[in-house]
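In the two complexes below, chain A is the common chain; its partner is chain B in one and chain C in the other.
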Partner chain A sequence: MSLINIFSDYTLRTVALGSALLGAISGVIGTYTVLRKQSLVGDAVSHAALPGIGIAFLLTGSKNIEWLLLGAFISGWLSLYIVNSIIKNSKVKYDSALGMILSVFFGLGLVILTYIQKIPDSNQAGLEGFLFGQASTLLKRDVIVMSIVGGAIIIIIALLWKEFKLLSFDPEFCQVSGFPKEKLDLILTTLIVIAIVTGLQTVGVVLMSDMIIAPAVSARQWTDKLSVMVILSSIFGGLSGVIGTIISSSTRNLPTGPVIVVIISAISIISLFIAPGRGIIWRRMRDKKNKKRLNRNIILNSIYNLNIEGNRIQGYSLEDLSISKGDFNFPINTIEKELEKLETLDLVKGKDEKWYITEKGINEIEDFRGRLEE
Partner chain B sequence: MNVQIEIQLIAIVVALACSTLGVFLILRKMAMMADAIGHTILFGIVVAFFITHDLNSPLLIIGAALTGTLTVFLVESINKTKLVSEDSSIGLIFPLLFSIGVILISLYAGDVHLDTDAVLLGEIAFAPFNRFVVNGVDIGPSSLYIMGAILIMNIVYVSVFYKELKISTFDPNLAMALGISPGIMHYSLMTLVSLTAVGAFDAVGAILVVAFMVGPPTAAYLLTDDLKDMIFLSGIIGTISVVLGYWTARIFDVAIAGMMAVMVGAIFLLIFLFAPDRGLLSIMRRKKRQKYDFAQISFLMHVINHEGAKDEREELGINTIHEHLGWNKEFVKDIFNNLYKSNLVYIEDDIIRITDKGRDLAISNAEEIVNGI
Partner chain C sequence: MKYAVEANDLTVAYHKKPVLWDIDLEIPSGVLMAIVGPNGAGKSTLIKTMLNMIKPVTGETRFWGEAYEKQRKNIGYVPQRGSVDWDFPTNVLDVVTMGTYGELGWFKRAGKKEKEKAIKALEKVDMLPFADRQISQLSGGQQQRVFLARALVQNADIYFMDEPFQGVDAKTEKAIINLLRELRSMRKTVVVVHHDLQTVEEYFDWVTLLNKVIIASGPAEKVFNEENLMKAYKSKVDKLFS
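Moving on to the complex of A and B:
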């Protein structure tokens, strides 16, 4: 199997398209859940969708994706409603309510699935696939439904762009400036539930939560702009969908959902490390550079201080500098090394084991002190 | 021992072991970490199984439990970078480890006797099949002994470190000042949580462990403010859920552990609605009564404000007062009748008057409200 297969193999193309769509949709929606610190909502909703899928199947007797998704949507939404009522009306904390409701709903889902299995000729095979996803069973029909849902979500987000932005970054201001905060909240939550539910078939209830979090967390590292974050996040999500599908189709017995999750997690980890400006490696480098510059400035500063107090033309030996008063004491060889570096920058001048500060050095340190005072 | 009783006994021991630690989890706002651990031990179980090839080996249990500790460590490392919020760090780590676990199982499914459903969902009905045999004598299901040992460990841990746990849970700064390391308490608790989750997985499945860890303590939290009472109550709630869940599942012939989790939810719901003082119904009743009491005081203050004024016939007239209060006429009538019965107001020449008793009551109440603010 290779990349070329994706364009020639019809089934694989459908699956890859479906996974890409799922990744892109959850990437867009995930941006908002991550920014609003509601990441674990995805976890709760996806687990809680299970009983809805079972009940929808029991009521309609069909495995048509529309009915199953509707069932999943209702029970996912209901679980969030219950969580919110619990925390609003009692002293129970958010995480306890979320953890309890997700596991209780999941338990109910298992109960219903086992009940369905006992029904003779119920043709229920495949419902368990919702646990871990079964991307390989995606049909063209499913992909069409997913594109319609995804398109609708993107249109709504585009229409309510400013409102959602305000809601995510400054909910209090959103309220006082006269936006219907509660309604916007409701719409956004509904969109989140819809996005999660659409992805269930591909990656399953257990792993769907990650598709909401990981693309957005990765995108967040690369930008501070909401619009860029939304686009990047959907690209990361879509890309991991396609790559995951290709890898899992290349090896027998490799489940698609978990592979997609591993890919998107890898993207997140890489982003956390190398993203310019924010990433861990960049930060380390900046810290190191800052520390170096600080050391240099401290030494330049002590020569400057000695120079002001003492005789201007007199140079200073390393020993003078090492006992010079100050909050920082460096070993002599560090001082020497730093002085040599300062000399290459023309800030000090060394002559006969004595060190002199140059005009440029004086300007530099006065400039630096001026900036510190500001 | 009868198989039915054995199953229930195992489940009760699981429920007790979970709720003992669960109380501290929910008080420390770590419920979702328990959920994460419930998922990641799959990875630990798989890796440990590849090494030991025996699902009941103590080595497997310990190895898998360390994955839970690893999860906590990884989440905290990501958290410390401040690049990601805490809930996102949890949400990043557990699906990754879980996925690796699922992939490993799928790739080597032919070689090992272990499938994802079993780990994730568990099947308590099979738990008694694995017997603990000593010197050729069958002394009961081995999972009962494994979970029993874990339960005893949890109880010993909580009783020995009760004070330390309590202080580090409610006041980490005080704990630090007293020389109790919150970090050590945190990691020891979380290691036991994952040990319990691993021990319980083949009985109830990794996800439903969370229902037992979080559900009963959350329900008990609504009933009491006392930590010890909370631990006992959650044990009782867990036990009731197990027994109810078992028999309901038997009647409908459905997933036993799933039904037990549903019962946990049902008991919580009952307590949430009907608990004395803190239940939703008594809160609503209290709110309604407060609203009514407040309306009575407002009514009395209105009378005091307008009595003797030029427009008192209009403001306090029995047919016009509701317009000035801005309330529904029926409601005003109801309030008036109540006040009249308590001898706080009376009618004179179609104008509402206030008695001395009413005046005292209104003014003292109004002062209370003002001072309260």
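Moving on to the complex of A and C:
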């Protein structure tokens, strides 16, 4: 299919819209998952949905998507329930319990799927599509359902905005403010499971967790405000849905779900590197700047210390300074360079091969120390 | 005399092992009380149980003779600074405004009135210039003062504070203690989990020594003595030399 067909093609429009909705929904919900440090929950729930899909098919004998997703919802939810009971009743830690349940449920799901394939005339073809998603099977009806789900999630989050914020930031304070932690947690967890189940058809159980985590992680890089983070996260998710659909449709045999995941991963890698303030590159630059200032202050400090020991203002040669800072191993020309910079700032004064600290230099270093103590 | 807090027969277990045993505790109104005891004595657990966050196996806590739920809005709380993620995407003013949420109740958003309360509280802890500051950029002492401001916004009659002096700078320590004294002068009751035995007598007028059971509780000059301290910290000392 060529690029020109994309916006006129009905099927494609449906798929693109569905993927955008899925990305936006998981972006919104993912914000809370990531902020509450429950990224693994998404992984566990999506994998755990697989046996539910298989069992739903066995029970109903139909590939009706509503039944299959209901099965996914129930088994996803059940997995979290079991995780919580494991933590409550044993010494197993949260992440271990999640990992355990993830693999048990996923393994069971694969077994059930294999079993279904061996049933003669079971009309089973397609169930394994839930592993990596099969966006092309999205129908208009599915998109309508997704819009309703998305709308409902947004309304709930808008209504419980401050409650969810408090729960995510400080669950104890949430509790004493009269908002029962367990109830809010239950609502939020249910929303997470719903968001994941909504995306299974497109992205599949294996990759769905990335759709929950990646948009939120990307959004966090660009903002320090929760509301902006939620919006940005849903935009990133939605955008990767659309772009992924377009790219996969313009190339033969490129599966939509994985392409969407690649796009959102690319967005998060870019965000991790270049976002101002939090990005890796930005941090490197700041470290470099700090290092410069640090070197300068160390040298200023050593003149200052020598003065205190000598009890009077006197000058020091480069050799004096390099000996006094012997444990720091500055090459002597670095010291000289820094001293020259310090001189342009009026913090030291050079005279007859000796360096003196100025009044301003003393103030500067005492200020610096004072700030450290605070 | 009606007690601000009355705990009766509180027993708390974690994995069926008791961490607090048969706690009977009365806290009179208007005192500045320290809860003191070794690590693992159950100090934080005690206040969390009294505040209904942990369910006791037996016993109950009453505030001015009433159940927690009835008095919830009169009770302020300052959790341990380390109990939250300070990299959460929010600013100082917003965190302090959270102190109004309990009063607001479900669904209602914080508005101008709530923001004004938060600003007043920030002023009290000397943090107003930091109102728009992202919380990840605060020092430990500043974080603590933000939490105190949030509790002040709750406008409670009794405050529970979990180790507010933990790892703060001298300036913050002074600010906290001034605040505690101001609260006492307003006839409020303050209960503080405290670690520094050196400052107990200077800062507090009422002391509870705890080590899974109540060792002693009463006016500082009466109960804060060597004998009781030995009792509270004895098991640790014994273990060290055994």
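Here is the rule we go by: the second predicted complex is superposed on the first by the 285 of 374 C-alpha atoms of A that agree within 3 Å, B and C clash if a C-alpha of one lies under 4 Å from a C-alpha of the other, contacts with A are read in each partner's own complex, and residues count from 1 in each chain.
The criterion applied here is as follows: a residue touches a chain if its C-beta (ideal position, glycine included) is under 8 Å from a C-beta of that chain, and two chains touch if they have at least 3 such contacts.
Here the structure is a predicted model, which means the values were calculated and not measured.
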| item | value |
| --- | --- |
| First, second, both or neither for A:345, with chain B first and chain C second | neither |
| First (chain B), second (chain C), both or neither touched by A:37 | both |
| Partner chain in contact with A:95 - chain B first, chain C second, else both or neither | first |
| Which of chain B and chain C A:113 touches, first, second, both or neither | first |
| Chain A residues touched - chain C or chain B, whichever exceeds | B |
| First, second, both or neither for A:168, with chain B first and chain C second | second |
| Contacts of A:206 with chain B and chain C, given as first, second, both or neither | first |
| Touched partner set for A:272, first chain B, second chain C, both or neither | first |
| Touching both chain B and chain C, residues of chain A | 37, 91, 220 |
| Touching residues on chain A, where the partner in the complex is chain C | 35, 37, 91, 159-163, 165-166, 168-170, 172-173, 175-179, 220, 223-226, 228-229, 373-374 |
| Partner chain B, residues of chain A touching it in the complex | 34, 37-40, 42-43, 47, 86, 89-93, 95-115, 118, 128, 131-132, 206-207, 209-210, 212-214, 217, 220-221, 251, 253-255, 257-259, 261-262, 265, 268, 272, 278-280 |
| Sites on chain C touched by chain A in the complex | 15, 48, 51-53, 72-73, 75, 77, 79, 83-85, 88-91, 95, 98, 101-102, 104-107, 109-110, 134, 136, 139, 141, 150, 169, 171 |
| Complex interface listing, chain B residues touching chain A | 26, 29-32, 34-35, 39, 78, 81, 83-85, 87-88, 90-92, 95-96, 98-100, 102-103, 106-107, 109, 116-117, 120-121, 207-208, 210-211, 213-215, 217-218, 221-222, 249, 252-255, 257-262, 264-265, 268, 272, 278, 280, 283 |
